[in-house]
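Take a look at this one; I'll ask things after.
Which chain is which? They are A, B, C and D, in the order written, and residues in each are numbered from 1.
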Amino acid sequence: MKTIKLIPTLGRRFALSAALAVTISGTTFQTKAADEQFFPLQSYRVGPYAAGGTGFFGGFIDYLNLINIRDGGVNGVKLTWAEGETQYEVERGVEVYERLKNHPGIAAWNPLSVGIAYAMIDRITQDKTPLITINHGRTDSTDGRVFPYVFPLLLNPYSETSAIINYIGTKLGGLDQLKGKKLVVLYHGSPYGKETIPIYELLAQKYGFTVQQIEVPHPGNEQESQWLTIRRAKPEYVVLRGWGVMNPVAIKTAQKVGFPADHIVGNVWSNSEEDVTPAGEAAKGYVAITTQASGAQYPVLQEIVKTVYGAGKGNLEDKNRIGSVYHNLGIVNGILNVEAVRTAQEKFGHRTLTGDEVRWGFEHLKLDPARVEALGAKDLFHSINVTWDNHEGDGYVTFQRWDGKKWNVVSDWIAPDWALLRPIIEKSATAYATEHNIQLRTAAEAERVDTKPYVANK
Amino acid sequence: MPDFDPLFFAEVLVGGLLAGVMYSLVAIGFVLIYKTSRVLNFAQGSMVLLAALTFVSLLERGVPFWASLLLALAAMVLLGLAIERTVLRPLVNKPPITLFMATLGLSYVIEGVAQLVWGTQVHGLDLGIDDKPFEVGGILISKFDLVAAGIAAAMVALLTGFFRYTRIGLAFRAAADDQFAAFAVGLRLTRIWATAWVAAGVVALVAGLLWGARLGVQFSLSFVVLKALPVLVLGGFDSIIGAIVGGLIIGAGEKLSEVYIGPFFGGGIESWFAYVIALVFLLVRPAGLFGQQLVESA
Amino acid sequence: MSNLTAKSTPVSIVDRSTNKEVNRPIPVPSPTLRLESITLSFGGVKAVADFELTVDTGEIRAIIGPNGAGKSSLLNVISGFYRPQRGHVWIDGRKFAQVPTQQLARLGVARTFQNLALFKGLSVLENVVIGWAAVRHANFVEQIVGLGRARREREDALARAGEIIDFLDLNAVPDRLAGALPYGLQKRVELARALVARPKILLLDEPMAGMTVTEKQEMTRFVRAARDEFGTTVILIEHDIGIVMGLSDRVAVLDHGRKIADGSPAEVQANQAVIDAYLGVAHDDAPEEVYA
Amino acid sequence: MNASASRFPRWLSPVALLAVAYGVLPLVGSSYLFEAILTPFLALSLAAVGLNLLTGYAGQVSLGSAAFMAVGAFAAYNFNLRVHGLPLLASLVLAGLVATALGVVFGLPSLRLRGFYLAVSTLAAQFFVEWALTKFSWFSNNNPSGVIDAPSLRIFGFSFDSSIGRYLFALTIVVVLTGLAQRLVDTQTGHNFIAVRDNELAAKVIGVPVLRTKLLAFAISSFIIGVAGALWAFAYLRTVEPAGFNLDRSFQIVFIIIIGGLASIRGAFFGAALLAVFPLILSRVGSYLLGDRFDSGVLDMSQRLVLGSLIIFFLIAEPDGLVALWDRLKRRLLPMPNNP
C-alpha cells in the first residue's frame, strides 16, 4: 500500500477549510469611512499584458498619492484605493468587482480592459457607480442617453480612427490627397481589434481611398504571411491596431519584408515604449497616436517625482519608466477622476460622495487648456469637455515618433471629426437600447442624482 | 483569388520554409525528451521562456554576452537535472498520459519561477544579426531567417552526430528503442533521461534566443509551443528529421494557406490550419511521417 | 451484487467428479475453422510460412511448437490483428482475407490473451458481463432509464454471468476489482469472460502459463468441461506438453513458421521430426519475432 | 465501481449535500459567496464531469474542452435570441446538442489516433472554434466587439435574475446532469467506456462497439461541457467573449479532473472546489500573511507556481486524486463495523 504521509495532507486540509471560512463570510466592511473617497482597482501586473497594467495603475496610484500628500486629499477628503489582480481575465475582474462593490464611498471603476469593462456595464448601471474606460471600451457608450454610467473618456475607438485618417491625410498633403490611395489596417484577432472595421470602411468610402483589413490571429507572435500580403498590396500606409506581443513582431516583420517603419501608424494601444523596445532598430521612425504625450518634463510629473517618489511611495518599481506612455496615461486618468470628484464636491459638499454624485461630476467635467495648465499638465494632454450625452468629452490627440530611444511629439493637437462620428454612434447606441429595452435619458433626468450612500444588494 | 504571381508565390514559400525552421527549433526540444523517455514535454515552451529571460536579464545587468550565455546554459542544465530528479523519476512507470499531464503542471511552475525571479517586464534582445532583407532573384529573403536556418542545421548535424557516434548517444538510442531492455542491459536510465532533459534545455536556450530576438523576450514567448505541436504531430514525436521536415511542411503550408486560402475565410486561419495540415497527414500515417510505427498487438 | 443463484436453464451440468465425457457432441463433417496456406511476415522476417490447418466442431485442437515458432501470430491472424500476406481464414464456411476483429463476437469466436487483457477498472462480475456486451440492443438512453428492454437485457446478462461464475468457481470474488486478484484467478476470469457469450470457437493463448500444478489441472478441467458443456470448439496454444497431450483431440506442431506434424497426440509424440524440433537439433535459428 | 459497504446507506451523503445546497446556503450565503465562488464552482464542476466521462472513463484525452464550452454558450445565446418564444431550458438543451455535433466531428480522429496524437488533434478544435466565434460576427449578433450579453433567466414565468436565483438555476441543472452522468457510468455503456480505456483491443475482440463507444463518449461529454459553457456565460459572467474560453480554460478543466480524481464523478466536484476557491484563498492568505510587501502581481505569479506543483504532487503522491484521499480519510475517521 502506498504509504501516504497523512499528517501534512491533514494539516493542509485544515488550513484549507479555515481559510475557506474566511472567504465564505465575505468581506463586510464595518469601519465607518471617515470622509474617504475609494477607488477599487482591477489591476493586472502579470501575464502577457503586464507592461500596460503596471504602467497605467502605477501612474494612477502615483497621482492619487500626490493629491493626498500635497493637498491632503480633495478638499480634505482623503483618497483611498485597493488593488485586486485580474491577469486581464474577465472572470477575475468580475470576482474583484464582487469583492469590492460593497466598500463604502466608491468613486469610480477603472478596469483598463475591454473584456472586463463589457462584463461590468449592467452591474455598475444597477449600482449607479461610474465605469471609466479611458481610450477604449464600447464606442457607442459615448452616447450618455443610453449608457448613463459608462465614460470612454478622451477617445473612443471611432474618434481614434478618424484622427489617424486625418493625420495620414495631412502627411499626404491634405485630406483630398487620400483619394485613390491604398491603406492597410492590421488588427489583433479579438473583439478589441475588430471594433473599428466598420468605421474604416465608412471613411474609405467618404474619402475615396481603398482599405484592406488584415487579421493577426492571437497572440500574433508570427506574422510572416500577413506582411507578405502587405508587401504585395504595396499600401501607402499601414495602420497597426495591435495589442501586446503583436506590436513588436509587426514592426520587426515589416523590416523583414522591407516595409518602411515611418509608414506605419500605431493606434492608441500600440504606442508605448514596451511596444517598440523589443523591436530594437526596426522601430526607428515608427509613429503612433496618443492622447497623452510621453516624457517626465511636465510640472505634474516633476511634482510626483519630488513628493511621491521622494517620500518613497512611488508605485513604479523601475524608476526609468516614469514618464513612459502607460505611466502618463495612468496619471492623466488620475487627473480626470480627481477633477470629476472635485467638480461634484462643489455641488454636493466636501464629503465622501456617492457613485451617482461622482457620475454627475464626470458629466460636468470641463478642463479647458488653461485649467489643464493650472494642473501642471500643459502639453501632457490637451483638454476635455464631458457633457451628460457626450461621455467621451472630445479629447484631442497628437502623434509621436520613436527615435530608437524615446518618443518625440511630431504633430500639434488634432481633433477627430466628431460631427461625422456622432450620428453613427447614436445609431449603434439606440440599437443597443432597443435590444435591452432602455429608454433614452433626457437632460433633466441626468440632473437627478441619488445622494444616499448606496449598498449593493446583500 | 488574387492573380497568381510566381515570384510572390516563391517569396511566400521561402518565407514559410524559413519560418518553419524556427518551429523546428522548438520541436527538436520535444523530440529529444520523447525519444528517450516517451514523455511529451509540454513544458518545453516555458523552458524557452526561462532560458531567454535568464539570458536577457543577465545581459541587462551588465553581464557580458558570452558570460550570460554560459550562465543561462548552466541554469538550463541545472533545471534539466532538477526536473528529471523531482518530476520524472517518481513517475517513471506511470502511463505516458500521466507524464504528459505532469509536464503541463511543470510548465505552470517554470512560468511562475521565471516571472517571480526575473519580473514581468518586456525585454528587447539584439543578437547582432540585423534583419534587413536582401534581394535574391527578385525574392526578398531575411538575413535573420537564414542565420536561424544555419544554426538549426548546425544543431541537427550536432545532434545526429551525437546520437550516431558517441557512446552516450548510443545509450540514448537504446533507451529510445526499448527502455526495459536498456535497463536490463545495465544502462543507467536516470542518467540518460537527465542528459536528455539537459540537451532539451540547451535547445530551448537556442530557440529562446532566436525567437526572443524576433518577438522580444516576454511572457508570450511560451506560446511558441503551440506552433511546434503540429510540427511534431506531422513529423512524428520521436524523430529529429521528422521535426525538421515537419517544420518545413507546416511553415510553408501555413503561410501559403494564409495568403491564398485565407481570404476566403476572412483571414487569420493560421492558428488552426496548421493542425488541419498535420491531421491530414496523420490520418494517413497515425504515428507521423517518420514516427516509429507501433505494431498493434494485445 | 450478492451471489446469484443460477437460473435453472436446461443445461446439464457436467459431473466434474467423474471427469467422464458424458455427452460429447459428434464432430460435424464441415470444419468450423480452416487456415488456408497462411503466410505472414513482418518486414522480411517470415513468421508463418504456408500454414494449413482444419479444426472440426467440438474438437480441442492444439498447436504446439518451440518458443517463437509463430503460434501466437496464428491466433492474432485468426483474431484479425494481422493481415496475412497470402492465404485465407475460413470461419463457418465464410472466407476472410483479414478477419474483421470487431465482428469476431458475432462470428462466435472468443479468445483469451497471453498476458491477461482484463479491464482493471471493472469488477470481476462486470468483466464477465461485458463479455456478453455484443448482443446488446438497448441504447444508452434506455439503459439510463433502466426499464423495459434495457432491464431485461441487464438481468439476462447478469444471469448468464452468474452461471459462468458458478461454472468456474469465481463466486468468492464477483465484486472485487479484476486488477486486484491473484494471477491464477485473473486467468480464470478471462476464461469466464470469453465463455459467457457461448462462443462457437474459443482461442486459448497459453492459458496455463505461469500457473501452479493444481491451477493447471483445474484449468484443464474447465476447458474440457466448456467443450463438453457448450460444444465449444477449442484452439489451444500451450507449452506444457503433458497438458496438451492429455487434453487435445488433434495436435499440430509448428517449427519456424512451418507445420512439421499434425495428428492425434499419440502420432505426434512418436513423430521424429517433432522430437528433433523439441530437442533442438542444431539448425540455423531464424531471429525470432516475439509478439505476445 | 464496487459500493463499499459503509455504516451509512449509500444515498445518505448525496441527500445531505442537496439539503445543505438548497436549504442552508441560500439563507446564510452572501452575494459574494454566490457570485464569485459557488456559481463558477458549479459551472466548472459540470464541465469537469463532462471531461471526466471522456478522459477519466473512456480514456480519450481532450485539450479542447473550452471550445465546447464556448460553442454551448454562443449556441444558447443565439437560440434564445433568434428563436422567439423558445423557453430558456430548450435553448440550453439545443445548445448542448450543437456542442454534441461538434464533439462527434472532432471525435472522429479518435478512431485512428491515440494518446498524444489525439490530444494534439483536439487542440485543432480549440483553435478553430476560438477563431470562428471571433471571425463570424453573426454568432455574437453582429456586435462589433464580439461580446454577448446573457439574457434574463426566466423559466416557467419565474425570474432567476438575482444572485441566489442564478445560483439555484445553475445548481438544479448541475444536479440533474450529474445524476444522469452517475447513472450512465453504472450502466453497460459506462462499463464499455472503461473497457475501451483499459484495453481497446480486448474490448473490440469481445464485441464492444469500440468506434461507437468512443464517439458516444465524445458526444455525451461535449453535451455536458456545452451546457456547462452556457451556465458559465448565463449564470456566472452574464457576458462572455470567445477569449474567455481559451487554452488556459481547457487546461484548467484538465487540472480539475486530475486533482479531483480521474474516472470519478465526485472527483470533478472536489477538483473544481479546489481550483475555483484556490486562487481566492491564496490571494487572501497571501495578502493577510505577507501584508502589502508583495504587490498582487507577485502573489498571482506564485499562484501559478503553487498550482503547477500541486498538479505534480497529486500525480506522484495520489494519482487517484482528492476523491481517494477523502475516501481514505473517511474510512480512517469513520471505521466501518466490518472493516478489519
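In this text, a contact is a pair of C-beta atoms (placed from the backbone, for glycine too) under 8 Å apart; a residue touches a chain by one contact, two chains touch by 3 or more.
Note that the coordinates shown come from a computational prediction; the quantities given were computed from them, not determined experimentally.
The minimum number of touch steps separating subunit A from subunit C is 2. Touching subunit A and subunit D at once are the following chains: B. The most distant chain from subunit D is C, comparing centres defined as mean Cα coordinates.
Work out the mean CA point of subunit A and of subunit B, and you get 37 Å between them. Spacing of subunit B relative to subunit D, judged by their CA centroids, is 32 angstrom. Centre-to-centre spacing of subunit B and subunit C amounts to 48 Å, using the average Cα coordinate of each chain.
A separation of 42 Å divides the Cα centre of subunit C from that of subunit D. Counting partners per residue, subunit C has 79, 81, 113, 117 as the residues that reach two or more other chains. Of all residues in subunit A, those that touch two or more other chains are 45-46, 50, 54, 189, 215, 217-218.
Each of residues 130-131, 134-135, 199, 201-202, 205, 297, 301 in subunit D touches at least two other chains. Of all residues in subunit A, only 45-48, 50-51, 54, 189, 214-219, 221-222, 224-226, 228-229, 231-232, 244-245, 248-249, 252, 255-258, 274, 277-282, 317-318 touch subunit B in the complex they form.
Those residues of subunit C that touch subunit D in the complex are listed here as 79, 81, 101-102, 104-106, 110-111, 113, 117-123, 126, 129-131, 133-136, 140, 143-144, 146, 150, 153-154, 157, 175-177, 193-194, 197. Of all residues in subunit D, only 2, 180, 183-184, 187-189, 191-192, 194-195, 197-199, 201-211, 216, 220, 263 touch subunit C in the complex they form.
By the touch criterion given at the top, residues 40, 86-87, 90-91, 94, 96-98, 100-102, 104-113, 115-116, 120, 226, 229-230, 232-233, 237, 265-266, 268-269, 271-272, 275-276, 278-279, 282-283, 286-288, 296-298 of subunit B touch subunit D in their complex. Residues of subunit A that touch subunit D in their complex: 2, 4, 6, 9-10, 13, 16, 19-20, 22-28, 43-46, 50, 53-54, 83-85, 87, 89-92, 94-95, 98-99, 102, 114-115, 118-119, 121-122, 138-139, 189-192, 194-198, 215, 217-218, 436, 456-458.
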